[in-house]
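Presented sequentially are two complexes of chain A, the first with chain B as partner and the second with chain C.
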Partner chain A sequence: MNPSPPPPRDPDLLEEALGLGRGGSPPWRLAFVEDCVETSGAFVLHHFLKRALSTEGDGTVVFLGLAQPFSHYDRVLRKMGCNLSVQRNKNKLHFIDLLNLEFLDEKGENDIEIGFMDLYNRILRSIEAIRSKDYNGGWTTIIIDDLSHLEIAAHGSAKHVLDFLQYCRSLTSEMDCSLVILNHEDIHSSDEALQMLSHLDYISDILIKAETLSTGIAADVHGQMTVIIKDAPGGLIKKLHSFQFKVKENGVEFFYPGSRF
Partner chain B sequence: MAESISRSLRDGCLEGEHAPALTIEDSLACPLGSHVFDHFLANLASQIADGTSQARGLVLVALNRSPSFYIDLLRRKGVDASLVDKWVRILDCYSDPLDWKDRIPPLMNVQKPSTRENVSFFRDVRDINKLLSSVLDLGKGFVGQGKTRFAVAVDLVSNLLRHTSLPSVAGLLNNLRSNDQISCIFWLIHSDLHEPRVSTALAYVSTVVASVQPIMQLTDEHRSRRDFLWLEKNSCKAKFYVRLKRRNGRVKLLAEELHMDQVGVKFAAVTSENSFVNKSLLPKVQFNLQLSDQERVDRAKVVLPYEHQGNGEAIQIYDGRRSLSDDQKDPHLVQPSTFSVMTDAQATSGNGEIHYIRDSDDEQPDSDEDPDDDLNI
Partner chain C sequence: MATAADGRLQGARSANTSSFSRARSSPSAVLPSPPNPGVKLGPNGATFVSSGIPDLDTILGGGFLLGSLVMVMEDADAPHHLLLLRNFMSQGVVHRQPVLFASPLRDPRAFLGTLPSPVSSSKEHRQRDTLVDHNQQDQEKGLRIAWQYKKYFGDQQSSQNHNRDVKQEFSNDFDLRKTLERQHVQYIESMSIQDIPHLTILRDRCSNFLSGLPRSDGGNLSAGRIAIQSLCAPQCGYAEMDWDLVAFIRFLRSIIRSSNVVAVVTFPTSFLLPAFLKRWQHLADTLLSVRAIPDEDKDMAKLLTGYQDMLGLLHVHKVAQNNSQVPTVLEASTFSLKLQKRRSLVLERLNQAPVEASSGTSYSTSGTCSGPSKGSSLDF
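Presenting the complex of A and B:
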């Protein structure tokens, strides 16, 4: 007698804020996760990864790993109850290893645009592979960790990074997929770099911001999260959610301030 | 004001004159520019479909949003789909602006979205000359040659400026404006993505500059780019400033208010209630944080303890060796008391007074220096 599948779990505060509910496609296309030196937003990407690959849904993931090797994410997600190696073998996860990404042409000279075009091509090929066999119409999430490494590969050229993001953004509407990008907000806090953040604001329809508590470091509360939902990319703020979080070995807890005591 | 802009776009240009050109600019502080652009686009498309405008067709250069977005928009705004297909041409600079898709293998086994007849791909936004000729060819293609004119809309000049220089973009807009077959032209720019000279340069190419600004201006408290609560308060309403350049050279500045609702953007005359917005934002507590009119008057009447105010009182210098009640008179001192005591008469009148006596003649009069500054505590 086959064991009955576990009952679907209730969505957490982040999933509720993002309108993710119990599986299904997100009602947005491009989400930026912003963090800072004091509070890493990597746990949000892990959370998205686990949710997209969960057995409750038919989601698939294309993960651009610029910051860490596959083994890092595999180790982290195992503790969260998700085996990335198995998901990769099942064609649900396509991990594009981009450690030490450099854009060089045949002569070894920098060719940033060609490099980004090749990267876009690799994303397309991953989506093609995901949807070629045993594809049951599940939602594809493209996760990029993280934007600063793209800027490094582009030798600081914001223009090339934004061109690449425009292509990724048009892909979300053509291919019915969504894009989640981690960005270190404090890298762009100077006046010259602030325009880059403005550009990103104009193209995103969700912003997830992980910050430290204004009161300082605490043992049971690791930071606060703000989720901004816009009515359109760069448009009006439709809704604002704010809650706190605690990052644990096997996941993350989200809760409203004062609700845990 | 918005109505007059719509009429100006509808009426187009006079013989021998350049086409009217409208710049719509906004910023993240009030990101309603896209909605304003959509409003004028839908209005003009309706007028073209009704045959009431000088323009007999519309070419939309889509850099920021997909062609399907605009087709859906016009359908939602009530423009007949068949007339959209007939009189609106969209130059798709959004899907493949740098010609990447032609240089990589196409997707296999993946259903591609269907293309529409009135949408043409443009794959090299860096070539401004080619963009200009594509727009003109597209317009002439459905309105024909001769004196028939068409309108042009560019959904985001900021994206063009990422690919090419300001002189090139200004040249493109100027060439379009001065073309004999262009009835009117309008575009959107996000002013906070560029240096101020960009907005200025585009203003010189325009006959009308419409600027969307927040109702409440940024204060120092809100300077942080991410004061989201402030942004939320400003989200649905904005100020709509319009700078009109008349043919005779006169520049008029007008203002309206705009607000967003379910249907779209609505414009209204400026009301005075918004001048009280800041006051109404005081926290609602049980004690009064504001001054009444009488309290303001009394505060204005308070004489400050500065010697330069010359209110007829003698300058007093405190000599600590003398007691407060000393009756002896010193030629250099008048009353060696440290503080004056409010008399009963003054107390009953309710008037406050401040009396200040310098410690010594060495102290500079009306000085802001703290005499304890040199203490190293």
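Presenting the complex of A and C:
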């Protein structure tokens, strides 16, 4: 017999910043998680994944795994107390394995368009499959890990990638779900790629940045997190939160600078 | 070890048996065959092979993770990445692991003739083994207690001879002055990537290499090694195809992910656009860079001890994480490459010489090969 579910815990700093509270739907549609080579932001996706699949939330997830195989996420989340295989069997998690995703053929450019359309349809079908049976109104989160792999699969065609993102964004309003995408900010911060960043900024509601501390890498504080909430997609900054984090096997700790020790 | 693992599995599957049940009836609970010395098991189901440089294995927490992609950023001023590649391949030869070597040289086999052979085990080698946990600075301490070691030598030798059959070394010291004989390196697959028009040729070769690997030979874990030298070098026909190159790396990463192969790819960073350099760095599981040390740098000589003996610097940017989200935080990430006894490669932590009152900057702590320093951060 399963033990009685643990009492809902207080939201951590990230959840507070995102207005997530105790389960229920988030007040935003599209969140970008940004990281860099020195500090990986994948842990934020794991955090979202765990939260969405927790028993209190009753949420569901469509996960596009472009960067790692399913076994990786399975192992990581298991240490955080969430069994992805079980959730997959319960139809709460749809994992789309895209480790080998490639669009471009010798045929030419059209394959990218068709490729993205196929991908979009797969996401749509997953959401419909989630909604079909035993649906109890829980919130669906689409998580993409990560955007740079989509760009590589699209052979650098920013236009196609942005179109795809626009479609996904409209999907969030049609199907009442939210979208979380991991993006490597340092790839786009060079001159030739800055345009992409501004496009991404235009369509997003929330930006979660994971950066290294200016003082360098430390064992106790792995980095600094900044959460930027806009009043409208691409609009002005409504609120800004800043705190630090330490990643552990069983989760992440968020805290204000100087509040440890 | 095998029975304990089986016991745990049994417990997880059936609700009735406790997790402490003995897997006596399990068909796989046979006596484990002598483990393959070239492959080491680690936590979380990780399997390691040695990089060919024992110090590097220690720094990386075991060695190169099978299924991971190791990328080495070259320095245009010095070919230190070749040292890493040579030792990596030699280690594969010593353990009879299949090796695929791709190089922009017209004739890669010429490079294979320069692979170092392992240091022949001798008294001093065994002595080094017993001191393997100590820092290189303790070498002097080792010499001081050598006379004590000889006292126990008689007892230790018999036990070591006994262990010699069972415990071969996971990681060898290689003598850079001696090369492996031709017959040993004959089996290494090699291909030239000079002037190849596009990367599908390299892709197919890598796929074939992987499919040709034995999954496990006789119950032991087997491993394979792919070594690619200077992937984006300008003499390769595909060098202009930025997106094809990064797509190849993504492809390589995806095919080795669920395999028992580790791939080491070196590349000259100066031939990549900054955005693509970042893409390559993100795709790497383990990211290293080698740097040349200028010959006569008086400032550096003042700042670091042992400067004259240094060949170059090795910086560890990223360490592969196996099924974990926790980043590896190293105490030190920049090391000096040195030749010990003028023959084997060692990595040492940098030691600052006593700083005079006037000088302020320090080379050893500047992250020379790391990312750009952040300007505006919001930490209060």
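Just so we're on the same page, the second predicted complex is superposed on the first by the 250 of 261 C-alpha atoms of A that agree within 3 Å, B and C clash if a C-alpha of one lies under 4 Å from a C-alpha of the other, contacts with A are read in each partner's own complex, and residues count from 1 in each chain.
Basically, contacts are C-beta pairs under 8 Å (C-beta built on N, C-alpha and C of every residue); 3 or more make two chains touch, one makes a residue touch a chain.
Note that the structure is predicted; figures quoted are calculated from it, not measured.
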Query raised in the report: A:G216 contacts which: chain B (first), chain C (second), both, neither?
Result: second
Requested in this report: Once the structures are superposed on A, label A:H184 by its partner contacts, choosing first (chain B), second (chain C), both or neither.
Outcome: second
Query raised in the report: Touch check for A:S259: first (chain B), second (chain C), both, or neither?
Result: neither
Query raised in the report: Once the shared chain is lined up, is A:S173 touching chain B (first), chain C (second), both, or neither of them?
Result: first
Query - First (chain B), second (chain C), both or neither touched by A:N136 - result: neither
Query raised in the report: In the superposed arrangement, does A:D201 touch chain B (first), chain C (second), both or neither?
Result: first
Report task. Scan A:V76 for contacts with chain B and chain C and give back first, second, both or neither. Result -> second
Requested in this report: Quick one: classify A:G235 as touching chain B (first), chain C (second), both or neither.
Outcome: first
Query raised in the report: Which chain makes contact with more of the residues of chain A, chain B or else chain C?
Result: C
Requested in this report: Answer with first, second, both or neither: which of chain B and chain C does A:G156 touch in the superposed model?
Outcome: second
Report task. Using the superposition on A, tell me which residues of chain A are in contact with chain B and, in the other complex, with chain C. Result -> 226, 240
Report summary line: chain B contacts chain A in the complex at 28, 31-32, 34-35, 66, 68, 94-98, 100, 103-105, 107-110, 112-113, 159, 162-163, 190, 192-193, 225-226, 228-229, 231-232, 235-236, 260
Report summary line: Seen from chain A, its contact residues with chain B in the complex are 113, 117, 120-121, 124, 127-128, 131-132, 159, 162-163, 166-167, 170, 173-175, 194-195, 197-199, 201-202, 209, 226, 228, 232, 234-237, 240
Report summary line: Residue positions on chain C within touch of chain A in the complex are 44-45, 242-243, 246-247, 250-251, 254-255, 257-258, 273-275, 278-279, 281-282, 287, 317-318, 323-327, 329, 333, 367, 370-371, 373-374, 377-380
Report task. Using the touch definition up top, name the residues of chain A that touch chain C in the complex. Result -> 36-40, 42-43, 46, 68-69, 71-72, 75-76, 79, 99-100, 102, 104, 148-149, 152-153, 155-156, 184, 186-188, 190, 192-193, 211-214, 216-219, 222, 224, 226, 240, 242, 244, 247-249, 257-258
